[in-house]
Amino acid sequence: MRPERRSFYTLAAIGLFFLGICLLEMYGSHYDRRVANLMMIYVILTVSLNLSNGIMGISSLGQIGFMSIGAYVAAVLTLPAGLKERWLTGLPHWLSTIQAGLLPAMVLAGVLAAVVAFLVGIVILRLQGVFAAVATLGFLIIVKVIAENWMSVTRGGRGISALPAYTNLWWTGAAALVTICVVLRIVKSPHGRSMLAVREHDLAAQSIGINAPRIRLLAFVVSAFFTGIAGSLWANLIGVVSPGSFYLWLTLLIIIMMVVGGMGSVTGSVISAAGFTILLELLRGFENRIAVYGISYILFAAVFMLVIIFRPDGVMGDREFSWTLLQRAAAFSRRKSP
Amino acid sequence: MGTDFLLKIDALSVSFGGVKALENYRLNLEASRILGIIGPNGAGKTTLFNLITGFIRPDTGRVFFNGRNITRWEPYRIARQGITRSFQNICLFGRLSVLDNVVAGCQIRRRPSFASTLFRTRAFLRDEKKLQDRARHLLSVFGLEQQAERRAMNLAYGDQRRLEIARALAAGPRLLMIDEPAAGMNPKETQDLLDLILELKARFSLTIILIEHNMNLVMPLCETVQVLNYGRLVAEGTPAQIQRNPEVIDAYLGDR
Amino acid sequence: MSPTAYFFQQFLNALSLGSIYALVTIGLAMVFSILRLINFAHGDLMMIGSYAILMIWDAGAPGWVAILAGVAISGVAGIIMERVCYRPLRGSAEMTTLLTSFAVVVLLENGAILLFGPNTRPFGILNFSHPTFSIYSTLISKIDVVTVILTLTILLLTALFIKRTTMGIAMRAVADDLTASHLVGIHLNRVIVSAFFIGSLFAGLAGLLWSARAGKIYPLMGFIPVVKAFVAAVIGGFGSIPGAVIGGYVLGFAEVFLIALLPPDFQGYRDAFVFVLLIFILLIRPQGILGAKAMERRI
Amino acid sequence: MPIWGTGKMLQVTGLEVFYGNIQALHGVSFRVAAGETVTIIGSNGAGKSTTLMAIAGLLKPRKGQIKYCGRQVEKLSAYQTVRLGISLCPEGRRIFASLSVHENLTMGAVQRRDRKAVRADIDWVLSLFPDLKSRLEQSGGTLSGGQQQMLAIGRALMSRPKLLILDEPSLGLAPVLVNQIFNVIAALKNENTTVLLVEQNARRALEIADRGYVIETGRITLEGPSAALKNNERVKNAYLGG
């Protein structure tokens, strides 16, 4: 397929995507829009987790900690000033008298998450494999403990509620698109190549001049940036942030989405996150009907274990979706069924 | 002090858990030479490679490359100075394509800024094209151009060995260190490898250090041969001298 | 209360908490040293044991029967866990099995929520926690004494098992060198099942003591103890069983005295300090405690 | 004198072993008769250790047969081949570093239930390697290289193997110790133990063995009585070049 053709298809797909957003925003029910927003947020989370864990091969269990940071930053920034003065007594005066919009909240959420990732990464990324996994899990627990106890800024276990519902599909859709685009561009660049090389064999990578610790830190920080943004979008979608929201279940959910989509495949993550969001909603509806809750968790964990045993590379492995691939698949199926 | 040596090593020693893996090793290597290092298994040859390339830190001793003291540098910095290597147990980037293995080596010189990666500037695209072209050219030198799109782990054994050398060479070294390239190769493949190394040396004006057991490779290639045994340098000389040296024969075939 | 009495009380408290950590950590370390598997679901065996004890007791069985049966159920649950969840993954990457164990946690904890409901239940068996007695004006709770004596007895037995029995030596051999263990004819599956069984029994027992101490149980009770047991294991040198015991006690003391020393406003942050400690220790030995060895083998 | 009726204790036919996509053995065939000492020599990466690991049950061959005492063993696991009487003393010793010398030897007899006989065999091994006697409680990792090698051989003997396989027993040892190791092999040979020996030290190996095979790039390229191989120019070339 010619390159011009490919970019035409890509542009057309993006156009369709925004058309869909437009239609949903105009005609979709509240519930439809909420599910679509969650889907976009899960896509951001999964794709950025894939950058650090799949593409870079960092064994992080703590990414949701960055989401938590992003969500709290957004909550503190966007909470109406009156409520801030009542609830969040520990804030400096200038902060408690303003109410920020979504864009500055998003940017600051991402930046702060990235800064924390930078500091944490300098320390934790020196660890390998399971040790890194448990250290990052420790980070997640630390974030939760702080959120639970720093009453004057996070309001502790009660959480911060009454956040303005700024988030809409234009924001989440655009953020998801930017995340996908940035991660894909990183993958197909010398930076991404270095990441993959370090993942495959870090000593061999160093032997050809790749600064392994630095490239790992870069992947970790970029991943945290987008995860933080997802947190801010989440806060202003749900309207409440509380410490328990960003913990083990969400961590596992995103890991499941990434592994099933294929570690290392950005498009796999997108497809998987979208599919699982819908599955999650269907199951939730089912649970509501029979009034037995928790089945979806159990089912997801079981699915994950089956995938890891029988198809450990996930659906896409580490390949990427491309129009050429689609064309070939179409040709193949046409040949099969004349 | 004659400082014309490309690589100069003084009194290098390291021990692991009380066992002296390398003891008081010294070397003066001029540019454009091929040095062979032989010795039985466990003699300390690979340890020496790991010391020079920074993967192991020495207990004592100093390594000078191109007049600069590179002792205790990080491996990636030593590589950027111009020393690259292959590994005894093949260490390719298994799931990457053959081409990407080599491109990863090529990109040592020009590393784009993160911003240009994100915004795909014209310079970025031009450099990326250059990298790919250079890598494909190298693959053709190694006869691997047909395999460019395959995953490295799916290559045949001999091709994997050559790809490792290609990757090391892609990083544009002045000193190339090859660890047992002929292990597990048959005589025909070994002969081809010999021709390849000679061609590389001439084409890229390399200095080469070679660890090898197969004398059919060492003898015709190397101008100087060092023999290690129990972590110590036991002999040094031309291949002909080494071949006649009774101590060397004993080290290899066992003492009488 | 006199400062000496207060100190003594805290000392016993720390000893008791450390004992529980040691019991949990041994199981974690045994399995890790053999399989390189960090089994997060190990903590859920505590939960399973505690619920089993409570159910059997509620059904009218005498306390000691409930305890024995509950601990045994926890041991069997460990064997089932190995067979169903981990054996199919034998030989996969460390990260794969770790993620799987994470999924097992979610599976078991939500299964428990489904079965027993999400709420806390009182755990009043034997009424361990309340009765206290006083020596030289020091208040001593019975559960602490029972915990310490029971644990020390078990540790002694474990030491004998590890040191003297063929199975014990075989466990250490497998931890040392898997290939060589195959070559001398050690039946690996038997060793693994034994390690899981013993570790799970200990977890069940730790669950009993933990619940009796807290006076309540809930489905998610196992997670924080197991992550802390990991910290204890790291302190002691991962995979080493004496190290696990030492690490457990160090952590117990660190925690109790942290609470005693921290101003009241900061006591909620106790767990955060524990994990900062973990990261700090891992940092001093950058590749983890096992690092140096692994490095040599790789090139 | 052959103990087993056929005189063939081990018969390997057309063995092919792969590591992932890489083929390490291309149809290796050889045999060892009961009571014989046979050596396989060859350079690094030729496939010696791979062959031995396949026999011991550590690797599953993709093709080919391994017949031991009349039964097919290529699909068995290591603990099963040990039960049948095959004992491999691996390259690089691989003793249990944190276990004591005594415990290492105990592990060599892990499948045996005859405790008394095991105790007697520990004494027998210690009589073969007197150096270890005073170090019974010392942990394996603190031994010198030579002592570790002796312990590894001793541990392999503790299962009372019918077929003892030694992979590079002289690797990295000083000449004095190499002598000691080969003396023990000679002693075992006199006791009619069947030994399959893989060595880099070709001269010594051919001195002690009855027959030998030369392996190159995963194929047996030469075979014959040791005396004949010893004077063969090709063997010399394989090591020192023309």
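As written, the chains take the letters A, B, C and D, and residue 1 is the first residue of each chain.
The rule we apply is simple: contacts are C-beta pairs under 8 Å (C-beta built on N, C-alpha and C of every residue); 3 or more make two chains touch, one makes a residue touch a chain.
From a predicted model like this one, the values you see are computed outputs, not experimental measurements.
Colleague: To reach subunit D from subunit A by way of touching chains, what is the minimum number of steps?
Modeller: Minimum number of steps from subunit A to subunit D: 2.
Colleague: Of the chain pairs A-C and A-B, which one is connected by the greater count of C-beta contacts?
Modeller: Answer by contact count: A-C.
Colleague: Centroid from C-alpha atoms only, then distance subunit A to subunit C, rounded to Å. What do you get?
Modeller: Spacing between the chain centres: roughly 33 Å.
Colleague: Starting from the mean Cα coordinates of subunit A and subunit B, work out the distance between those two points in Å.
Modeller: Each chain's C-alpha centroid was found; their separation is 42 Å.
Colleague: In whole angstrom, how far does the Cα centroid of subunit C sit from the Cα centroid of subunit D?
Modeller: 42
Colleague: Just curious, how far off is subunit C from subunit B if you go by their C-alpha centres, in Å?
Modeller: Centre-to-centre distance between subunit B and subunit C: 48 Å.
Colleague: For subunit A, which residues are shared contacts with two or more other chains?
Modeller: 203
Colleague: At least two other chains touched by the same residue of subunit D: list those residues.
Modeller: Answer for subunit D, listing residues that touch two or more other chains: there are none.
Colleague: Of all the residues in subunit B, which ones touch at least 2 other chains?
Modeller: Subunit B, residues with two or more chain partners: 55, 87, 91.
Colleague: Which residues of subunit B touch subunit A in the complex?
Modeller: Per the stated touch rule, the residues are 53-55, 74-76, 79-80, 84-85, 87, 91-96, 100-101, 103-105, 107-108, 111-112, 114, 117-118, 120, 124, 128, 131, 167-168, 170-171.
Colleague: Which part of subunit B faces subunit D closely enough to touch in the complex?
Modeller: By the definition above, subunit B touches subunit D via 17, 19, 40-43, 153-157, 160, 180, 183-186, 213-216, 218-219, 230, 243, 249, 252-256.
Colleague: Report the residues of subunit C in contact with subunit D in the complex, numbered from low to high.
Modeller: Residues 166, 169-170, 172-173, 175-177, 179-188 of subunit C touch subunit D in their complex.
Colleague: Touching subunit B in the complex: which residues of subunit D?
Modeller: My answer: residues 20-24, 43-47, 141, 145, 168, 170-172, 174-175, 178, 199-205, 216-218, 237, 239-242.
Colleague: Looking at the complex, which residues from subunit A come into contact with subunit C?
Modeller: Those in contact with subunit C are residues 59, 61, 123-124, 126-131, 133-135, 137-139, 141-142, 145-146, 148-149, 203, 248-249, 251-252, 255-256, 259, 292-295, 297-298, 300-302, 304-305, 308-309, 312.
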